[in-house]
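As structure tokens, here come the structures.
Two complexes, one shared chain (chain A), two partners (chain B, chain C).
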Partner chain A sequence: MNTMVTGAASFLGRFEGLRERLPGGRTPWVAKLRAEAAESFRAQGLPGRRIEAWHYTDLGVLAQLGFTEALTLADEAPALPPTRAAHRAVFVDGRFAPALSLLPPGAAPLSEALEATEGRLGALAQNLPIVALNTMLFEDGLVLDVPAGVDAGEMELLSFATHAGRAIAFHPRHLIRLGEGAKLTLIDTSLGEAEATYLHNPVYEIAVAEGATLSHIRIQREGRAGFQLSTVLATVQAGGTYDNFTLNAGGRLVRNEIHVALQGPKAACHMNGAQLVAEGQHADTTTFLDHAAPDCPSRQTYKTVLAGRSRGVFQGKILVRQAAQRTDGYQMNQALLLSDDAEINAKPQLEIYADDVKCSHGATVGALDEAQLFYLRARGIPASIARAMLVEAFLTEAIEGVTNPLAQEALSEAISGWWQKEAV
Partner chain B sequence: MPAVAETIETVQSAQEGGYKFGFETKIEMEFAPKGLNEDIVRFISAKKGEPEWLLEWRLKAYAMWLKMEEPDWAAVSYPKFDYQDAYYYAAPKNKVVPKSLDEVDPELLRTYEKLGIPLREQERLQGIAVDAVFDSVSVATSYKERLGKEGIIFCSISEAVHTHPELVKQYLGSVVPQGDNYFACLNSAVFTDGSFVYIPKGVRCPMELSTYFRINAQNTGQFERTLIVAEAGSHVSYLEGCTAPQRDENQMHAAVVELVAMDDATIKYSTVQNWYPGDAEGKGGIYNFVTKRGACRGARSKISWTQVETGSAITWKYPSCILQGDDSVGEFYSVAITNNRQQADTGTKMWHIGKNTRSTIVSKGISAGHGQNTYRGLVKISPKATGARNFTQCDSLLIGDQCGAHTVPYIENRCASAKIEHEATTSRIAEDQLFYCRARGLNQEEAVGLIVNGFCREVLKELPMEFAVEAQKLLAISLEGSVG
Partner chain C sequence: MLKIENLTAEIDGKEILKGITLEVPAGEVHAIMGPNGSGKSTLSYVLSGREGYEITGGTATFNGIDLLAMEPEERAAAGVFLAFQYPVELPGVGNANFLRTALNAIRRARGEVEVDAMQFLKLSRAKIKALQMSEDMLKRNVNVGFSGGEKKRNEVLQMAMLEPKLAILDETDSGLDIDALKVVADGVNAMRGPEFSALVITHYQRLLDHITPDRVHVLMGGRIVKTGGPELALELEAEGYAKVAA
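This part shows the complex of A and B:
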């Protein structure tokens, strides 16, 4: 109990000091929202390992670091990867960078559009301590509306953390809404400078209307001293689709939590992901899929590769409510251990209250298959390349769900980069 | 198999489809005062004439228990049990300790006959050695002499405390320590009886050993403690059955079972748990909070748990294996049925410590009525358990739209060369399967019974023959009224 409160204290202290100056500080509904969130965060604290959902991820290290707010953006622009899509929203240390961005119609930074998001901001937020932390302290984010029937193509969302010389924390809040039949591919990348110590705590509130399709590709390549605690909260209406692919490749400790509620008949969700975890890293993917309506299919495939002294976590829960008859849910998580010092913890979970359902999950853990390695080496392929091939093959099943060419390109670049740096 | 045949008869004649073991034996009983305190612990110990060390051991457990909190992580909900409103010791009044079945109170023998466990017949015809535990004490143990010739010790644990104190002292609490968990701790303080089995080196136990547990008296908790030690190269198969009278209030059953297997030893432990489940509205029934754990201490040792859980209002039970010895093997085969308002949270822990240890988990959960059924399991591989292997399969079957089926497996691996596979499915009985059976003249209930038996086949085939038939019938009875 004590450690939890200590961990929370520095964030709560910052909130008390900043509350007037935070965006919307003088707007009653925002102030109320933040105050409630602060109360919730004060009560819960930074979740400790005794909280079931956090059993495998220890935030103790965060409590010690004592983060402060990011400085006002420096003039010089950081070196960003080239733009792939037509539109781009860039956030540097959590703040919108207009000079680096090109927003499509219907998009605005939250710092400007906050007043107009009453009733929308926080609508999907649940009583999760990490979300409460975000609500208490958010300053900026992307507000994006894709009107009904519009195919918005591709858009990039980029977060970049700079080296501030001290530990900083930022809590962007992204609100994304797709109207009926709308379409969007969002390529969402997090980067950070190698030496930068920071906490990136984004919360996404995503609403997908009837028949709309959002393909959300997240590429997490935070700096190696960076922390990311992200929470995606999505609802999908009848016939809509939310696809989430998350690559966890950077950061010192990363938790990627995804909550999707299928609320209308035939709403669909695909959640796939790959975690590439190397020396000194901790990566956690936690998914919660809420089947609340009948006839919804859901598919999840997660692959974790662990090298060096590292730890990987996968927790995935599928809840099938009584109304969700004829649910078809499937989940697979697999881990590949490349080192004797790696650790993987997995907890797939089914909670089912409807009887006419087909739900299954599978989990496997193992090392590279010696027979396969031998086969490749016998054909003259050097050991390191043979290993790379087998790891790539292992990841394929999770990655092949990503069909957008731009996203594919970004992904394969991230993965091969990881492999070149970390491969043993 | 006259006993089994008789059981089936009894089962079939239970036309009302209710709980056939719900009767109560009118027999003179001796109780400890109601409630739980240090004096009760001393009372129990004194009643059993226990040596000082065991009393100390109990008191230490009681002191720990006072500081513990009742766990709430299981997916079961129940009104708080009042630990002060129960008897912790109830024994049939018996003038002399029976030396053979001839001296056992005929009323008790009749009770066990009614339960389908005719002690005499089993002794003569069936070749199963039975230890019958009635409320707090063991009332009869059959076949003692025959087993004694092989050097096998099979007796009640209170007897073993006197006749083999060194063995009890060495192994009691060595697998499930006093402070292991809330219920095991409570048991350590107030356990009253249970079975003790010791199989000497190299001996293959010539018959199945069996304990039959019966809660009879009102307001009692049953806290039995079973300890089985299999020395190097030995082999034993042990069966356990349980029933209780039909009552409106809930009764607590918190047992501890400890198994120890040395080099090359095998212990097979089978349970058919049929405590009173409560009525259709969830009134009454047994709270079954059980800690079962086996330690594969020796190389190439093997512990296999098979359980058929059809009874109890609440089941909280995770028979586990600690695979310490290299090449040791752990198995868990389970069928759990929840009907009406029953809740079951059951599964296993397989903790791989030794090299090349292997474990298999097959769990079949069936939910009907308003039943809630959870599989909760942990597969843990330590860094040194190179070459460890686990396979887990959890299947759930839903019958009706008011019940729930949940699966919560935990996998923790710290060894690169370990291989773990887990799969779980949830589905209901397919319409075409039902139609197929109906078209061949089976009625709805027979068809469901057949399909459910097929669903559980992998587990049922692990049961010793004597239990398998009974278990199949039990499945059908437990599901009565859930379809149609």
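This part shows the complex of A and C:
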């Protein structure tokens, strides 16, 4: 209990020290928003395991670290992966890096566009402590508008954490809005230097209008001493689609929370993901799908592969409100344990108030199949390659939903990179 | 080529192979016939390196090399191929990718140049045609949704692609209709030559109508109890194991 309070206190202390200097510090609506968030965070603290939603993920380690803010941009541009898409927004230690970025029309860094986001920033925020922490301390982020009817193709969002020699925290706030019938594929990658100790705490507020489609591919490859606590808050209007694919393949402790509300008829959501968790890592995917309108389909497929002493968490809640008749919901989560010391905690939850609903969920946990492994080896395939093939096969169902070629490429690179490093 | 001497093996503390001695010279096809529970499948798994079997005595060498000391993939690279009685389904693994990975792994192990995607396609198409299989089979996941006959044909396709020196066919005839049986037999016969040996393990004589063995061994109670020419298979079919072995 003490560490929890300490952890919250250090963030609150920084807010008190910085509040005037934070972006919008002298803008009344921003200052008010931050003050309210600070109150909320003060009241809730860093969530402890007594809170049901955090039962399987212990932030004790993080609370003890005492993060400070990032200082300045690194002297040298970090080694970033090659550009894949026409446009790219790069953030280094949470701050927009103009020299490394090429923004499309309708995009700006939050640090510049903040004044114009009144009524928008915070509109989707829920009373979640990690979101409050972000609101209290955000400095930058991506503000992106895709106008109605525009197919914006692909864009990259890249976060890179450098080794600062001390623990730093950054809390980017990304505001993404797609107008009616607009389209975008966002390839969203988080990277960090191997030795860097940091907390990356991004919050996404995403609004998908009628008939618009956002495909959001998140590739989390934080450094092995990095922490990521991310929250996606998305709303989808009639006939719109929000697709989220999240690969968790890095970091020391990572939690992705994804909250999607289907607010108009025939709005759709596909949430898929893969978690690759190795020695000493903890990965948590927590989803909350709010069916608030009729005739909405939702699909979730999550696969977790665990090696060494590692821990994986999947929590998935589907809420079907009374108005959401003819909801078609499906959720599956499966785990593959490659070691006896790995642990997976899975908690699916259905809460249904409508009467004409099709909703199913399932979960499996297993090890690599010895018969399959022997079959491959008996054909001359070395054990390590055979294992990799079976792990890849296990992930297939979750990954095949990603159809954009650039996103596919980024994903398969990340997965094979993980395997080469962590192969057991 | 294959020389087994006084081989004993057990599973979960239960002795299954109780001293097998057998030699298959290069270029010969030998049949091992035996009733259920005689140790036929255990012998095939022990020779191909499946885990879970404890070798308690004896030796098995392949061209003079200690087979039992090698990993399964090393045995495959050396030229040993096991056609499975129950081919394993691999959901999420494409048949073409599987075959090419296996072929290139073996080529690498032998110090040969790997085949690229085009060469592989050409090679696999030729083999598929020869086996009267549908090309569609390459696009499907390994053995997933395959009929019994398709699974066995797929085993023969793998054998044809990997070109082993010694093929162990574990009840490849079980569950096959006569057409599939002929395809399988043709596949094996096509490989016969001075550098190819096969150990055809079967319960029934009918596969041996199509693959004529040089020698027939009768396996009962974990031992070879009788050895003879192809006529021994007919005798077993007519008289039954108990009588022939007596």
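Quick note on the criterion: the second predicted complex is superposed on the first by the 420 of 424 C-alpha atoms of A that agree within 3 Å, B and C clash if a C-alpha of one lies under 4 Å from a C-alpha of the other, contacts with A are read in each partner's own complex, and residues count from 1 in each chain.
Everything below uses one rule, namely that a contact is a pair of C-beta atoms (placed from the backbone, for glycine too) under 8 Å apart; a residue touches a chain by one contact, two chains touch by 3 or more.
A quick note: this is a predicted structure, and the numbers were derived from the prediction, not measured.
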{"item": "Chain A as common anchor, with chain B and chain C clashing or fitting", "value": "fit"}
{"item": "Which superposed partner A:342 touches (first chain B, second chain C, both, neither)", "value": "first"}
{"item": "First, second, both or neither for A:84, with chain B first and chain C second", "value": "neither"}
{"item": "Touched partner set for A:379, first chain B, second chain C, both or neither", "value": "second"}
{"item": "Chain B, chain C and vertex chain A (Cα centres) - angle in steps of 10°", "value": "80"}
{"item": "Which of chain B and chain C A:359 touches, first, second, both or neither", "value": "first"}
{"item": "Which superposed partner A:326 touches (first chain B, second chain C, both, neither)", "value": "neither"}
{"item": "Touched partner set for A:163, first chain B, second chain C, both or neither", "value": "neither"}
{"item": "Partner chain(s) touched by A:309 [first = chain B, second = chain C, both, neither]", "value": "neither"}
{"item": "Which partner, chain B or chain C, touches more chain A residues", "value": "B"}
{"item": "After fitting on chain A: smallest Cα gap, chain B-chain C, Å", "value": "15"}
{"item": "Chain B and chain C contact sites that coincide on chain A, given as residue numbers", "value": "none"}
{"item": "Residue numbers on chain A that touch chain B, as the complex places them", "value": "52, 322, 325, 335, 337-340, 342-367"}
{"item": "Parts of chain C lying in touch with chain A, wherever the complex brings them together", "value": "48-52, 71-73, 75-77, 81-82, 84, 87-88, 90-93, 98, 101-103, 105-106, 109, 158, 162"}
{"item": "Residue ranges of chain A touching chain C (in the complex, touch as defined)", "value": "369-372, 374-383, 385-386, 389-390, 392-397"}
{"item": "Interfacial residue positions of chain B with respect to chain A in the complex", "value": "73, 383, 396, 398-428"}
